[in-house]
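Have a look at the structure below, then the notes.
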Amino acid sequence: MPAPAIAVSNVVKQFGRFAALRGVTAEFDPGRFHTILGDNGAGKTTLLRALAGLAQPTRGEISIFGQSPRDACRDLGYMAHPSLLYDEMSGMENLRYFAGLYGIEGDEPCAAAIRAVRLDPELTRPVGQYSQGMRQRMSLARAILHDPKVLLLDEPFSNVDVHSAAEMVGLLKGMRDAGKTIFVVTHQATLLEGAADEFIWMQSGQIVDRTPSSVRPRVQ
Amino acid sequence: MPAPAIAVSNVVKQFGRFAALRGVTAEFDPGRFHTILGDNGAGKTTLLRALAGLAQPTRGEISIFGQSPRDACRDLGYMAHPSLLYDEMSGMENLRYFAGLYGIEGDEPCAAAIRAVRLDPELTRPVGQYSQGMRQRMSLARAILHDPKVLLLDEPFSNVDVHSAAEMVGLLKGMRDAGKTIFVVTHQATLLEGAADEFIWMQSGQIVDRTPSSVRPRVQ
Amino acid sequence: MTLWSVTLATLKKDIRLEWRSKDALNSMLFFSLLVVVIFSFSFDPTAEESRQIAGGLIWVAFLFAAVVALNQTWARELRNHVLDAYRVSPAPPEALFLAKALGNFLFVVILEAVMAPLFIVFYNLRALGPAWQLIPVGILGTWALVVNGTFFAALSIRTRSREIMLPLLLFPISIPAVQAMVEATRIILAGDGSSRFWIILLLTYDVVFTTACLGLFDKVLQAE
Amino acid sequence: MTLWSVTLATLKKDIRLEWRSKDALNSMLFFSLLVVVIFSFSFDPTAEESRQIAGGLIWVAFLFAAVVALNQTWARELRNHVLDAYRVSPAPPEALFLAKALGNFLFVVILEAVMAPLFIVFYNLRALGPAWQLIPVGILGTWALVVNGTFFAALSIRTRSREIMLPLLLFPISIPAVQAMVEATRIILAGDGSSRFWIILLLTYDVVFTTACLGLFDKVLQAE
Amino acid sequence: MKRLFSIFSALTALLLVYGLYQALLGAPTERTMGSVQRIFYYHVPSAWAAFCLFFVNLFASVVYLIRKNLKADALAVASAEVGVVFCTIVLITGPIWARPVWGIWWTWDVRLTTTLVLWLIYVSYLVLRRFSDSAQTPTLAAVLAIFGALDVPLVYFSIWFFRTQHPQPVMGRGGSLDPRMLHAFLINLLAFSCFAAMVCWARYRLEVLHREVEEAHAMESLAGGAAKASLPLNRSAQ
């Protein structure tokens, strides 16, 4: 059994008078496909943001490959509800800029990322004029741009049409097989039945259950 | 066969040199549950916005109960990708304001709408701090607030957890049975199998197929 | 639901959002104080020259307050496309415009009410003319600034007309108003002659442009 | 990826976007144009008087215009939470700050380049002192305003009622800088005495606060 | 702790009373200025107290930034608020004194202006604290405090060579002050220092307790956290 890629030890995240995470403790193995499920407001996004180093936990520790999230940022790819893209720029321009932040030169990686999510790198339309699903996919392209070891995806398939979703799952599967650790928060577990190695159930700020995918997830 | 609630006669919507709708012609009967499916960028949102009177068609006519969308606005309930809510106000404050726009007095209707989407009218947290799915549901509450004859819902179930989604479908079904005409754009057709009367397939700006729900939709 | 009920509702909503607490008012007080202090650092209040331009100074300060307010007018409505929610509702577009204009007006007038006395103290101004006339001048002038500002800010809602050079439109239009208010203030402070003409000019200006804005706002709002 | 490459990339990006929608530039331009007009209406100065006050006028106009522009510095990064994308990247926070500061510096300098001639014409200014010194004063002064302005704008986006927040934070800190710019300009224009002391003061101000901003920006950016 | 505090405050009260006596009756009336000069015994000590408190604030802010210690932040709030109060006292007593002595309420001289700017800076500090949300406030405020501290010397220099009307430090050249005046002055200085320390301490305790309460609320909200967010049971169709 490999060393845990990610170790979370009783993390609490407080928003003023409300606690979104109430002591989450878990270890996640590298190279696996984790699917996080749970009701609205369960704390999934908050957990993901904590893993990405965007939200300092009020209490508790998070280690990614033994580092703090901030230090491990090169290994992390994060996709959120908002697109994290500039509406006024085309997809290619966006990725070119973000590639720069990771010290990636040249257009090829960007074009590759865009093609990977089945969009057209030539599309000159500004992202603000994309359809919702197109924007969603472009946002995923941003997350996988620097081909990180760990992917944190917050509902990547919402608003994405069925075919593209299937293709994206395939893509993620491929990356998992290439040894990447993948976290997907979603409400469409059925999409992932084939792909996910493990289903993690959250409820009111805690992980209440972890079922290996052999067991059919409790959806529907 | 009743008079068509909504008649769309070869509507074209152009964005610059790109046409999002390429001559859509259709009639929709009142009191039915229409589900609009299609790939990303097919033009679903654009069609819905045209029906809601938010986008003037470049060419073509739209009539809702014989009126133009702008004149029929009292009969229309519209829910979009963005929440159409003020992040800084609580859900109740938001609805109270929008109720005012429709000349609805008193808190009761607002509270009822919020409860209908299974949220807590007492929740004082500003909407900006809701979780994504909670916001989505509050947005639906806004759309059904003035109890319109026609509902135009753009992906109401994305980001909504499975149980709530099921409940929302139940709610919509109830409204359909109460004689309302319902349009739902979604990528999760499976959720609606029981409920929808008809599946409408869009592709690159046109309606390519309309299957009554008896036939199993072509998803997956 | 009438024009007024919606206007009031919107205005109330905006005010609530701006001033969730009385802190907001305090901060506006502080803001005015700061502006005056900055001025007195830039224009030595004891010097005769700065005494002379005090009329102009006051209006610059007011203008600044107005611009700070105007720049923000529509941001909130655009954030989650809330404007769409308004557009699909039967509420009259004029109500929205009126509410916004009134909101800005309120904001600026409060600041002015705080700033003016401070100016008077710091630059110990003494109006040689009928001082009370400064009040109508202030109100009319502020409304002139605000009503146009609000309207042209609304133009920038339209993604298309983003490129329209807002100021270059607003600038020539507001010149007469600016001249009127500055001249009137100067005359009243210096007490030479009557500011009647200028006040009437301001009044007509306000009437004309308020009607124009109300009439045209529908087009601006509904054009996507 | 070094500090500079990221700074340049961000700066390029901002300039491109600002060029597409000339929001900030417009409101700055509009504001300072009106300021000039207001003063030209409020009195017609003799050369001597105008020399005394021109320094104050110019710098107040620029300060306020800068505030108007600075308020929009971070709006773009906030829209789709793009800032988060930057925060999760390994790019150094200082780079982001530098880029923003430089961008604003550029805008304000452009503005000044447009405005200065207007002022000179309106107040038929002729510097009695060494005119070339106005250039270092202008550059140092502008940077003083912009570097703190950018930083405090970053503070104020995390607060309620942002727009009014920026001046509240910026003005008190900028008082010595404003004092120095105004005095230096006045001295140079009126040609009485040497502006050496003020220029040195400006220089120290710039050095101190630039280092402070660069050192502390990380904390501000990461404070969620 | 509590006992210590009450003892300390009792002592302070005594000192203040004695100081008041000294200031009004003990010390002789100043020759030229007359009785108004007695403001001096409150004017300067409050200035002194304000300065000390602002130093405490700076110190606390730095500590907070280095090691995210929320107690340090609480101290920063307390010292800033109390400091602003004392600074306000200086800004009020000053003009009251200036009017009869200089014939004007206010003049732009070094000491006055510096005090004013100092006051402005720390008010803006408090405003910032008011207007930002709980999670990030301490960091932002601490940063601003440091900026303010950096600014003060610059302000001082930017005005220092203006002709100053304001009395030069008397402490330095001790003799010039009548020993009884000096005595009264020192008493009041001590009294005000204690007073400031006491108020600051109380405010600090208050802040800490307040935060503990908040924490407790959050922990208790853990129980029905998301239950509050979406009620699974309560269904009511329209």
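Every chain is named by a letter (A, B, C, D and E) in the order it is written, and numbering of its residues begins at 1.
Convention: a residue touches a chain if its C-beta (ideal position, glycine included) is under 8 Å from a C-beta of that chain, and two chains touch if they have at least 3 such contacts.
Just so it is clear, the structure is predicted and the values come from calculations on it, not from any experiment.
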| item | value |
| --- | --- |
| If a chain touches chain C and chain D alike, it appears here | E |
| Most extensive contact between chains (C-beta pair count) | C-D |
| Label of the chain whose CA centroid is most distant from the centroid of chain E | B |
| Chain located farthest away, centre of chain C as origin (C-alpha) | A |
| Euclidean distance of C-alpha centroids - chain B vs chain E, Å | 57 |
| Computed distance of Cα centres, chain B from chain A, in Å | 28 |
| Gap in Å, rounded to a whole number, between the CA centres of chain E and chain D | 32 |
| Chain centre separation in whole Å, for chain E relative to chain C (CA means) | 37 |
| Chain A: positions in contact with at least two other chains | 15, 18, 39-42 |
| Junction residues of chain E - those touching two or more other chains | 120, 123-124, 127, 131, 133, 135, 229-230, 232 |
| Multi-partner residues of chain D (each touching 2 or more other chains) | 20-21, 160-161, 165, 168, 171-172, 175, 179, 224 |
| Chain E residues touching chain C - in the complex, by the definition given at the top | 108, 116, 120, 123-124, 127, 130-131 |
| Complex contacts: residues of chain B adjacent to chain C | 52-56, 70, 73-74, 76, 78, 80, 82-89, 93, 97-98, 100-103, 142 |
| Chain E-facing residues of chain D, complex | 148, 151, 155, 158-161, 165, 168-169, 171-173, 175-176, 179-180, 197, 201, 204-205, 208-209, 212, 216, 219-220, 223-224 |
| Complex contact set, residues of chain A against chain B | 15, 18, 38-42, 45, 81, 125, 129-134, 136-137, 155, 158-165, 187-190, 219-220 |
| Touch list for chain C against partner chain B, complex | 1, 5-6, 9-10, 13, 16-17, 76, 79-82, 84-91, 222, 224 |
